[in-house]
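Working notes, structure below.
A, B, C and D label the chains in the order they appear, each numbered from 1.
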Amino acid sequence: MMNGDEYIRSLQAMKTIVYINGQKVSDYYSHPVMKPAVNTLKATYDLASDPELDSDIHALIVTESDLTGGRVNRFLKILQSREDLLARMKLQRAMMRYTGGCFGGRCVAGAVINSLWSVTYDMEKAGCSAPYHQRFRNYMKAVQEQDLAVSGNITDAKGDRSLPPHRQSDPDLYVRVVERRKDGIVVNGAKLQQSGAPVAHERLVVPTSALGPDEEPYAVAFAVPGDAEGVVHVNDSSCINAKFEAMDHEDIGNATFGMHQSAHILFDHVFVPWDRVFLCGEWKPCRDLVHRFSDFQRLASSSCRCGYIDLCIGAASAMADYNGVSSKSHIQEKLIDMSVDAETIYGLVAGASAHSTDTASGVPLPDTMIINAAKIYMNDAILRTAQKLADIGGGILVTRPSNRDLRIPKVGDLLRKYHKGRDGIDVEDRLKMARLCESLSGLASMTPILSVIAAGPPATQRLNFRLMTDLKRDRRAAERLAGIAP
Amino acid sequence: MMNGDEYIRSLQAMKTIVYINGQKVSDYYSHPVMKPAVNTLKATYDLASDPELDSDIHALIVTESDLTGGRVNRFLKILQSREDLLARMKLQRAMMRYTGGCFGGRCVAGAVINSLWSVTYDMEKAGCSAPYHQRFRNYMKAVQEQDLAVSGNITDAKGDRSLPPHRQSDPDLYVRVVERRKDGIVVNGAKLQQSGAPVAHERLVVPTSALGPDEEPYAVAFAVPGDAEGVVHVNDSSCINAKFEAMDHEDIGNATFGMHQSAHILFDHVFVPWDRVFLCGEWKPCRDLVHRFSDFQRLASSSCRCGYIDLCIGAASAMADYNGVSSKSHIQEKLIDMSVDAETIYGLVAGASAHSTDTASGVPLPDTMIINAAKIYMNDAILRTAQKLADIGGGILVTRPSNRDLRIPKVGDLLRKYHKGRDGIDVEDRLKMARLCESLSGLASMTPILSVIAAGPPATQRLNFRLMTDLKRDRRAAERLAGIAP
Amino acid sequence: MMNGDEYIRSLQAMKTIVYINGQKVSDYYSHPVMKPAVNTLKATYDLASDPELDSDIHALIVTESDLTGGRVNRFLKILQSREDLLARMKLQRAMMRYTGGCFGGRCVAGAVINSLWSVTYDMEKAGCSAPYHQRFRNYMKAVQEQDLAVSGNITDAKGDRSLPPHRQSDPDLYVRVVERRKDGIVVNGAKLQQSGAPVAHERLVVPTSALGPDEEPYAVAFAVPGDAEGVVHVNDSSCINAKFEAMDHEDIGNATFGMHQSAHILFDHVFVPWDRVFLCGEWKPCRDLVHRFSDFQRLASSSCRCGYIDLCIGAASAMADYNGVSSKSHIQEKLIDMSVDAETIYGLVAGASAHSTDTASGVPLPDTMIINAAKIYMNDAILRTAQKLADIGGGILVTRPSNRDLRIPKVGDLLRKYHKGRDGIDVEDRLKMARLCESLSGLASMTPILSVIAAGPPATQRLNFRLMTDLKRDRRAAERLAGIAP
Amino acid sequence: MMNGDEYIRSLQAMKTIVYINGQKVSDYYSHPVMKPAVNTLKATYDLASDPELDSDIHALIVTESDLTGGRVNRFLKILQSREDLLARMKLQRAMMRYTGGCFGGRCVAGAVINSLWSVTYDMEKAGCSAPYHQRFRNYMKAVQEQDLAVSGNITDAKGDRSLPPHRQSDPDLYVRVVERRKDGIVVNGAKLQQSGAPVAHERLVVPTSALGPDEEPYAVAFAVPGDAEGVVHVNDSSCINAKFEAMDHEDIGNATFGMHQSAHILFDHVFVPWDRVFLCGEWKPCRDLVHRFSDFQRLASSSCRCGYIDLCIGAASAMADYNGVSSKSHIQEKLIDMSVDAETIYGLVAGASAHSTDTASGVPLPDTMIINAAKIYMNDAILRTAQKLADIGGGILVTRPSNRDLRIPKVGDLLRKYHKGRDGIDVEDRLKMARLCESLSGLASMTPILSVIAAGPPATQRLNFRLMTDLKRDRRAAERLAGIAP
């Protein structure tokens, strides 16, 4: 198994084409907007190779492979039991709590690998003549032996969302086979917004939707290395990128890991040899493939958000303490709310894993209804959490002065003086934690965070109702109707 | 009344001290992170002076003054009726829909001016010997005549939030009088995160909380010009600042107006002549002052958020159309939800205005319970709106390529090809609207927006329940218990 | 104006046909399931005639009529200003707080009367040849002079809800004209579930939906006395009826007023003379009529629910006190929640009234969007309130022993012993208040109320999260990412 | 194992003292308000003895006992694995879907038995000298062999809820040992509102809260038969009782099973022989006992509520079909909401079971945080479900005419005519289903259900927002800010 440094060297050895904000960047792995994704993936190698870093995560991330018989990073393992499934989810939660950042170059792979594994297995059993499963088995064995990071790629360009692939005005809006050759296939299309794609070694591509009989060219699954000819990555351009480009390291909350990075992968007449083609024209199994992928990925993303809420609980409780308000009942209630949300999501993840269905291949499929319920719940819970974090943290999340401001002679001292929290708390710690809260809340811009905080946080508005409700009048009205004497 | 260009020249004529990210910037009004706030304030002058720009807003923003007998910008008017109050709220909503950005250098003033006016009036009637109300009347007359923008300043540094001003370990953590002189007073302290402060001409300072008998030095209200000696502004340092510094103009959604800017105002032994001192040592009226301020400000911020939701409805409906999914019922339902939220907030604003109480001074006070209910409702509604906007807009909000990417030879063409929406929609328009949605949603960073969108938007998860619920089983169970034959 | 006793005598003088649970009941006004509705209507007469009963309500309920020039019950007044509109809403809230029961025989009238008044006025101005408005003016003048209670009737039978009136397989499923005669019209159909209809003197009937050109016979508005020939009332049969029939008076929470009563009105070839026909065949104005009715009625029902929440706040705070838990923070929070809900609804009512549109007739129409927002909000708020009341009140709401149980020798003493709350509280008061809470909550049956309470109230489940969340782990994770030393 | 008839005979053979509404009723098992509880318990015997009734439930309810080696009703089984735990939960859901009514005389037992089993086992291992575990083992063996129904009794009278047992003014407010004798103990006190207690054979009593060193007399667990001397049951007196007493069988929705019945159990100097005493003075283990009980019971009540929501989905979809509105999107959305709620609760139950902790005794304890999250979620979900059921069902839920009304000559025909739904649906079926919906919703009284339905259901209010939102204005505002040409 690789360690983190070997992983970096392995990226350097590749010729992956990456554009960042209009520039082709050969050492993209050192670019400020790509570095957090690199660091997060590097952490998955370091934690697997060094038990000292975090023994709990180490114990979760290193496991045995049925394919190689040796040790393997759990992100690459073919799931063979409910315990495998739940262990993966525990790993995702713990990893998120560790990095606070996205390891998309790792996690999506799990969903793609296990879906493709089980579906090609089913096809083999059903008498499919093409040796898809055997090829994929060989492929995965090699990936495990070399300990490669795999980016699972699914989201197509989609064009008009009300039309299926074959009815788009441009046939390339979904990835498709444009030529079948003796030695392989040629594909065109794009997979958009692929989390962490450039920093993984492999691109493992599958269809994004169920397909019909007119859509055989779109029924294609394959793998190529990230530096295959014709593959181009264009980094996304979130406004958060600017933060990593323009701000001092100290001014970026969670500077090491804290940016989600994704890239658009353009496939321009890319050749794929047959031994890396795992589906080609079989439109029927795509429904199962996509369904399984979705459930696996909803499971994974739900698990990792539990770790995110854990972090938010930690950050909120720290800020409340720094401000001297830890013991206020409305703070306590908000921390409880956040905890209820984390455990509800996790409970559903555990429930979906426990209720999983076994496939012929041994891969357990999480319960569809439960895991979809988890994702629906999580969707709202994350926003609630961000809102509560902002509410507890206060305006300082978006208004603190910069590190450069703190170094202005005299003015810097005044800024420190006026950003003090309770006695005994280092003002720099309070300022650092504010940055982390800003980063975690994801509420970077104007309206949402200010709506929570401006004109006083909600707790002060509620206080008015405690003070102004005419309890005496209302109680007397009730007592009169109940027949109770005054 | 000034027009926009005159306003800019008036800023240039001042010697306001402003630090931005560690640098003292003399032409701060041209700095990228300050420009949106300048533009928004400029718009309040342009709309008042030029009826062509937007006749509806013009009709709202220009009104008559009881003080000068002449025309006055409504933001400076002393409220004298419920109609005044509601007209101000309509103006705030319309202005927000116009700019999508904060005019804090204008709106907070209304809350401070009307609170201070009515409280000093009450004091005068109650026999207060100091001529506070007369001074404030003179001050406001001058402000109206010169058509100045006033920044109302309230939020102190606060230190340990569980302790009152006089029990803080540093006495300056709340603004206070450090010296009374024959010709005026000297004040120390800071007002933090003051929206739009540097771009307004005046600083009108009032206490941030009710005070006790031991806190006379903190019972101080006064006005100074922004360039008074000892007044220093340090611009806030939100991660969004970086966007305006590092990104191309075309890559900033709502580049003209779309950044909330605030500054920390440091008062370092600032001298205030008596004719600009409106409260000095009278701790008792501070309770009323703060209470009235809070209600006015909650009213104002609730009104402006209606305009924000209006904009989000517009942006969401545009994106849905660009993607070809306008007619989907879940899209329709989300637009209705947003509309219900906008009108609920607005209805409460109207209700609080209609139920206002008249003060002796003629200033109507909005109903405390209703306006606090509005703020509580708004708090959640804004997050829900941001979430729905992100949900409808999709991942493109945070993952679209940059304008520079679009100019890369050949790759730019591919990016355009793959970011196409439905036929008939210009791909550039879709990309522009995505930027506006990113900006409006305020969900700039990783977790919240991705939680909504990753692994499929919530509507796809819900679909599973439509498909998988065993309606037949459940209906039969109900029919059996109801005694209905199979 | 009548007093309560005169009202009862006026009912006795009528020959209204009323069936209750299969029996034709001539003295229906004395029947246990009808008595609460009679008492509530009687209260509207008593409060208007006797200022001693409740001076605040008296001042609201008695007003001046523009038609007669004399005093009139506000429920019968033609609205002529926003103040009228808001005064009516204040009356509805106060009345509900007074009775805790429905005065449907009064309140719906206001919606029908003002809609019909303004629509027929518009028709007259538009040159309609039929003297509908003049007739309705004469009718209302007579009603006001005799101080009659009017039941406004709108809800038709509707049959297949996906089909309009003229496409139903039975043409009578919406009330319609079956014959036009020289002296009047003959109508058929039913108005279902008309709140408080039998206990009002008049039936004022209007269409339930907008109509098309094929639906002239359904475009009919008219008035008949409750004992007109061919008019039959069948009382509804809620399971709550049984409570009033089978239980002791002391065992019924709010025995005097606490049951909603409604009746199905069957019109079987009922003759209506022309002077009581206010619309006959004009399908176009029905859209306005129904729209106005809906807005008025949503306004009225929202207002009265504020009084209901007031009562619930009073009952909940009493029970919390009886149980010795008034000061617990989760109880306080729940009372605040209830108060926020009451004032939010009321604020929207006030806002819809303040934003009303004037019609040519002088009748102000409440703002449609705001009042619909109020109703949407109210819908959830009422359930939340019921749930919180049950949560605070506890299992005793549905499990207390009966009054007869309390009279069993020895066992009665044990029941009292074991139903004691805190010292100083009379156990009988606690038991009475439990009955009122049961009645107010409306959660009479098994599952909802027990779900709240069984296995411990929610506050005890939340406690687990306070105790079990690993705050230390989460905080350390956040501090590490923020760069804060351990 | 007993069948249902044997169960009835076994009740007849006992001399249990039961008061119902002030009367001592010897054949209480035939009394209308007790009959549903008897029928539900009878169903647990019938389903276990007759595989024909419902083969799925049969397969779940019959299992093997580790104590007797023979078949045993799953409700009596000592849990020995996660599979046991989850099987029990599946049984609870299926049973609730089968009866729609409470089998409290069965389900609480599971929580008490397994808590007491594991705690006494722990005590034995820790060297406790008293043979509590051995006694309880013998007791459970006998219970299983005789196939008895056990009512687990926990809720004490509690008095002042802010005080612990030993500080109440009356020492009996928590069940306690008043005398220790050579042959056993004498206990006093009451267990209030015990679901289904009178219809079970055994009373298994445990403390209701953790205890302190001053509270040894309260640390008592024991079993007595329901007809032990000094044990008196007083049936609760919910307003729903009246329905079962006063209404025709056909007018009661779910007449067979649909009432929750509970009783107050008074223990007046009841003697318990030592072989039925399982805890006596050991206050320390009570904390574990209560904690485990709570978790088990929250698990059980959450599971059964899934079955309740299943039934509500069935009833709602039937009513929607009867009304001709099945295909409306807001109906579809509501059914999806209900389904999401059912599966979220069930997923958490599955998750809490999967994450259970093994005790030394082999009894698995469900995960505390997950199961508490389930209960918190369920609490709101049930109310939401009831509200949606009422919303879909409509006013007919509480306003339909009675069966006796339907038999009135001529009028009965008119009532049928006017209660017709869509063509092809038997009006009697629609009326029956309305009754079931009333029963399921539990919203029997005035305000909540009417708030949902009166003045039109929420969907009609929402429609106004679709029609009235100025989408064009808002979209243009967004496009302008995005820089998109008109």
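For this structure, a couple of remarks:
Keep in mind that, in the parts below, contacts are C-beta pairs under 8 Å (C-beta built on N, C-alpha and C of every residue); 3 or more make two chains touch, one makes a residue touch a chain.
It should be emphasised that the depicted structure is a prediction, and the values quoted were computed from it without experimental measurement.
The chain pair with more C-beta contacts between its two chains, of B-D and C-D, is C-D. Annotation: the chain A:chain C pair of sequence copies touches via predominantly the same residues, more than half of the used numbers being shared. Distance from chain C peaks, on a Cα-centroid basis, for A. Averaged Cα coordinates give chain B a centre that lies 40 Å from the centre of chain C. The centroid of the Cα atoms in chain B and the matching centroid in chain D are 50 Å apart.
Computed centre separation for the pair chain C/chain D is 32 angstrom, with centres defined by C-alpha atoms.
Among the residues of chain C, those in touch with two or more other chains are 258, 339-340, 343, 369, 372-373, 376, 462, 465, 468. Note for the complex: chain A touches chain D at residues 82, 86, 339-340, 343-344, 346-355, 367, 369-374, 376-377. Those residues of chain D that touch chain B in the complex are listed here as 97-100, 250, 253-254, 256-258, 310-315, 317-318, 329-330, 332-333, 335-336, 339-340, 343, 429, 432-433, 435-436, 440, 462, 465-466, 468-469, 471, 473-479, 481-484. Every residue of chain B that touches chain A in the complex is listed here, in rising order: 19, 21-24, 101-102, 155, 157, 159-163, 169-170, 172-173, 189-190, 192-193, 195, 232, 234, 236-243, 245-247, 251-252, 258-260, 262, 264, 266, 268, 294, 297-298, 300-301, 305, 308, 323-325, 328, 368-369, 372-373, 375-376, 378-380, 382-384, 386-387, 395-396, 398-405, 407-408, 411, 414-415, 417-423, 438-452, 454-456, 458, 460-462, 464-465, 468.
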